[in-house]
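Chain naming follows the written order as A, B, C and D, and within any one chain the residues start at number 1.
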Amino acid sequence: MNKIKSLDDLRRMKQAVESGIDIREKGDVPEEKIVQIRVAMATCGIAAGARDTMNALIEKVNKDNIHAVITQGGCMGYCYAEPTVEVRVPGKEPVVFGDVDTKKAAEIIDKYVKDGELVEGIIPMNFQSINQ
Amino acid sequence: MGQYKMHLLVCGGTGCRASESARLVDVLGEELVKQGLEKDAQVVTTGCFGFCEKGPIVKIIPDNTFYVHVMPEDAAEIVAEHVLKGRRVARLLYQDPNSGETIEDSKHMGFYQKQLRIALRNCGFIDPECIDEYIARDGYAALGKVLTEYTPEQAIDILKKSGLRGRGGAGFPTGIKWEIAAKNAADQKYVICNADEGDPGAFMDRSISEGDPHSVLEAMAINGYCIGANKGFIYIRAEYPLAIQRLEIAIRQAREYGLLGTGILGSDFDFDVELRYGAGAFVCGEETALIHSMEGERGEPTVKPPFPAESGYLGKPSNVNNVETFANVPVIYLKGPEWFASIGNERSKGTKVFALAGKINNVGLIEVPMGITLREVIYEIGGGIKDGKKFKAVQTGGPSGGCLTEKHLDTPIDFDNLLASGSMMGSGGMIVMDEDDCMPAVAKYYLEFTVEESCGKCAPCRVGNKRLHETLEKICEGKGTEADLDYLRNLSSVIKDTSLCGLGQTSPNPVLSTLDNFWDEYVAHVTTRTCPSGRCKALLHYSIDTEKCTGCTACVRVCSTAAITGEKRQPHVIHQDKCIHCGACFDKCKFAAINVQ
Amino acid sequence: MSTLKLTDCQKGKIKEICVSFHNDPGELINVLHKTQGEFGYLPEEVQREIAKNLNISVAKVCGVVTFYSFFTMTPKGKHPIAVCTGTACYVRGADKVVDELKKQLNIEVGGVTPDGEFSLDCLRCVGACGLAPVVLVGEKVFGRVEPKDVKKILDSYKE
Amino acid sequence: MEKIKLTIDNTVVEVDKGTTVYAAAKQIGINIPVLCYMRLEHMGIENKPAGCRVCVVEIEGRKNLAPSCSTECMEGMVVKTHTVRVINARKTVLELILSDHPKDCLICSKNGQCDLQTLAQTLGIREVHSVENAEVSTYRKDYSPALNRDMDKCVMCRRCEMICNKVQTVGALNAINRGFTAVVAPAFEQDLVDSPCTFCGQCVAVCPTAALTEFDDTKNVMQALADPTKTVIVQTAPAVRVALGEEFGMTPGTIVTGKLVTALRRLGFDKVFDTDFAADLTIMEEGTELLDRITRFIGGDKSVKLPILTSCCPAWVNFFEVYYPTMLDIPSTCRSPQQMFGAVAKTYYADKLGVKREDMVVVSVMPCLAKKYECDRDEFKVNGNPDVDYSISTRELANLIRAFNINFASLPDEDFDAPLGESTGAAVIFGTTGGVIEAAVRTAYEVFTGKTLAKVDFTELRGLEGIRQATIDFNGTPINIGIAHQLGNARKLLDGIRNGMYNFHAIEIMACPGGCIGGAGQPLHHGNSGIIKARHEAIYREDAGKTLRKSHENPYIQKLYSEFLGKPMGENAHHLLHTHYFDKQKI
């Protein structure tokens, strides 16, 4: 790995990673077609079964040949609804689903990702982030 | 993709469900079918919006329309007007209580602005095990800026201007703390991050360490530059394996990128971070105790002064801040101190993360601007009290804090107001209690914790808290007297006044605040020997309603002390002298013939 | 108290751990963490060995071990049960779960069942407040546990 | 030194920067009560964990009360030491401490000497709020041959822990557990005999209560005195005569040798002898050993071990047996004066009287608790019969005198019995740090050089600093001498020797602060090091008043050699007066 030797290096790095990581990982699929799924994997999420959820999602996505990147994230704060999963379908607002067990994971792929049909258990976002 | 043009999100939180949201879902669905729109729109129930006061709530996507107080009879109109014709139903829109204006787009509604994520800005949005994602969200840019644009004095000045105060408990101004450490000359100084979160019921530091570890490392490096330290330690609870793992990965990645190590970002500043493990001692949240623990000693606090800024780890000037405090730091440099100071209120700037738990619907981590009221937190973010019960108290500040009541609901939350109300900010635990919770028992619970966690060094904390706990135990067992209440009060104030460290100086707060706010409950325990909330087992009085009792003898069979007697098919009697108030008979009785008082 | 006799191999392991921390007495807590990770607990003989390696008094080692609740001088059960008694779990009835566990296992908090299968402890907040009350059996987390669930949980560990 | 001005109880006081509020108040005559705090000024010993919270005061502008013992004065500080708030806090805290303390004051061994009791009296505690279910912390009692531990009476002042670790570096005691059950104890709450304890007893000397006390031998002594078949003789150590008076209200430093002898006689001892006699004997042996080693060393004998270390102090002997088992060949092989006395008494003197060994009881009065352990050692017994049967402390003797209702202050002065009661000034100074080596030098010089000393006072060897060094000119041969008191200082010297830092010929070591005068069996100093200093000076006064001041001039010693022992370090002497050491390493 290359060292970041100056502030300029850091800025270049930022730009590169902002636009590029997913593309690198997904080869030639254009970015606007990639579904991004993030599973909250903090202690509370894992305790509630987030690891199984993540595995189920990966399996499902591979099986159904969906262009998706599945990553782990930290706690989103919705402890009452763990495991939580955030899904970004290109062109749409990200949606957070709560209480996602393996069954629900498959349902999310089948209904929401494939057909745009929302499924029960959406967690309304109710905060501002500093980047807004 | 996207066969539905529109989604109708109906809040399915318990608050809204109580106000008929379930029927609303059905009716909306029926209306869609009736009007032939079932292919165009879909009804979905969601989790709680945290706005139960206005429930039931319907949100329409994609135009973000937000309807409040929606009744089943409104369904037809919503479908006919909004779904079919694309016209909003004005009378159901939310009205801003201040301006009276109706607000159409939920993004602009007040309650969205109730939460602002600064410390938690990246939690859940980046892969904590991937430094690139952190960098993509401006990670390490603040460190770069500080190293290239500011002298340490200027950088400290910015922090002072921001008004950031320590998020770990007492709320000491962070900039001033850094300044003191910077001014004490020494060949070696240390930056210490306190991640030994010990409050039962607070877990924001763990969440940040797990969700955004790099922000802590970046802030520590900035801190190192400011005070002239090139070594940092994160003192973390051994009970947090995932946080430890993520921090280890983060440290390794930062070293690989040269963001920790020598000559960071081309400057001549060196900085590195190591982990040190706590081993289960709440008192180690106190900075002198933490430092002794880091040195391999018993985590006993020592008298301040000298403060760690003068003589800390290995006798060298050290600056100790907690995880949340550090997580705020990079943003302050990127967005400017003025921006940060514009959030919050007069004396408390920025936001505070709270771990909202207890008898509340939306248990979780929230981050709110200082100055928000408890009411907003509980009812608009927390989604109100679970199972529609009555709010009784909210405990903030963990074992060091106090219980606040109805009358405090509209007090703006900040360091000073909480202190003035007999509680404190603490690390940000916020436990909501309902009518079923007995306040002397709650005080007893906290004292039990303190007794277990007292280090035993100073007499008032070692013996005093023990005596407080025993007295509370006595009260909850129905053996207390009014004199005990006076004893509790005097002892509490002396423990606060004379204890060596913050633990003892605050440990009586749960007692004092409940005495102040729930005096009647204490009095009931010691005079009529009753527990108004019915939680204190020993104070329950079980008796058999002779009208309802069928003499089935089921209760006799479960009674472990043979306190119930009676002829078969005749009303039975509970002998109070033998009854141990276990409640087994009550659970067993199929005829609701057993009364509890 | 234990009269465990350490084998040369075990002594070697302790020595190795101490050396990995440069035999620095300031690293005592790290040494204890590592050693407990190795042995499962910190019996007297192990503490003596650590004291010898770090060249500090065994009384001091004992003083540190007995100060921190994470360190234990008695072995845990094969399935260590820990109930979170953080505030969130408390208000949601963790105490009743503890009572039920005590009843089912017939041991006190801090005890081990005679067959060595289960041990019972309380711990402070594990940070899974959303799942309160929480019971840990080994690494596995059981959330929203009610007293009636206790038997089921225990049975799943009994062969 | 930078000065600081502050106001205490409306009085402006100027103090050096770094002074504590407690010390500043003391300067203007305000005594703030303390419990855990203790400072022995001249010894560099200070204990201020700020744990008892009894010394709290009100400081303007501070939210909480501050512990005056560990709060530094600041410019412009305004302090109130005795407000209602402060007194209520002190009383409440003290009540708390008392609520976890046994209430057996009337029959407690510390009755009348207990700091906690005094404090309760001063603050006028008349009632302790009782919670019926109040738990009282209880611990297993631990009785060793020298000292007892009853931690039920511990107030967690941590003085013992500090002394054991910081001052003596023995590391037998440490705070263990947490919170209410926290207590100072050996590892795993084991018995002291199983710990590296040296029985120096300094923990007892500083304990404010009866948590740590000496093992009480007075009952045994009284039984022996009452037994008509026994010949009971007593020996008294040099440090006892300069301290015993304190127990009877006399000024510290008062020399009470004559009254001591009279009192012992009235208690019923058949003969009243002096350990000083044995001290002179020690010098004959140790001096000879020293000269032998030095002469051989100068002669090029590589097998000779130098420096020679004194071995009079039993706690010190325990210390090196535990911590320096590889250096057991360095200390002198001489037994301590107590044991030399016992060995001579039960052979030479018993023979003279025609009394069987078993019918003679030798009692020693010592400023020391380790002496109890020493006389219990197997190597100092013959067929199970110890050379010294009972060793009682200065305090225990005072208790006996009180029990016998003897009005000590008005006793006439009497002289020791012959022959084991005769001694020189050299023996007297055994009681203080530097004294043993000065006594040795007085004799060794004359033997080595064949000349008579013009001046017997070697002031360069005196003083109270923890580690001292001096070079004495033995007529052209420079002899390097090291002196340490307190075991921590001894450790420093020993480590230095091991690392080749020092080049000493002889080293004197005493375990207690100031030497035997600060021994753990002495009247309690209650944190006043001025008392130890006064005893120190008294020892040299006693020496100066003696006609004979060199051990080898003691006519009875000369007689003992000619009649019985033969030559110093001869066969008989070797058998009776020397010993060997054991590896007692404990981990």
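FYI, a residue touches a chain if its C-beta (ideal position, glycine included) is under 8 Å from a C-beta of that chain, and two chains touch if they have at least 3 such contacts.
A quick note: this is a predicted structure, and the numbers were derived from the prediction, not measured.
Overall, the chain located most centrally, as judged by its C-alpha mean against the mean of all protein C-alpha atoms, is C. When you average the Cα atoms of each chain and compare centres, the chain farthest from chain C turns out to be D.
Note: centroid distance chain B to chain D, computed from Cα atoms, is 57 Å.
In this assembly, the C-alpha centroid of chain C lies 44 Å from the C-alpha centroid of chain D.
Chain A and chain D have CA centres that are 74 Å apart.
Spacing of chain B relative to chain C, judged by their CA centroids, is 27 angstrom. Within chain D, residues 175, 177-178 each touch two or more of the remaining chains.
Touching two or more other chains at once are residues 43-44, 46, 78-81 of chain A. For chain B, the set of residues that touch two or more other chains comprises 203, 206-207, 240, 281, 298, 357, 363-364, 452, 455.
Shown are all chain pairs that touch, namely A-B, A-C, B-C, B-D, C-D.
Chain A contributes residues 1-7, 9-11, 13-14, 17-18, 21, 38, 40, 42-44, 46, 71-81, 84, 86, 89, 93, 98, 114-124, 126-131 to its touches with chain B in the complex.
Contact residues of chain D toward chain C in the complex are 165, 170-178, 185-188, 195-196, 587.
Interface of chain C with chain A (complex): residues 126-131, 134, 141, 143. Listed in rising order, the residues of chain C touching chain D in the complex are 1, 44, 47-49, 51-52, 56-63, 66-67, 69.
Against chain C, in their complex, chain A makes its touches with residues 43-44, 46-48, 78-82.
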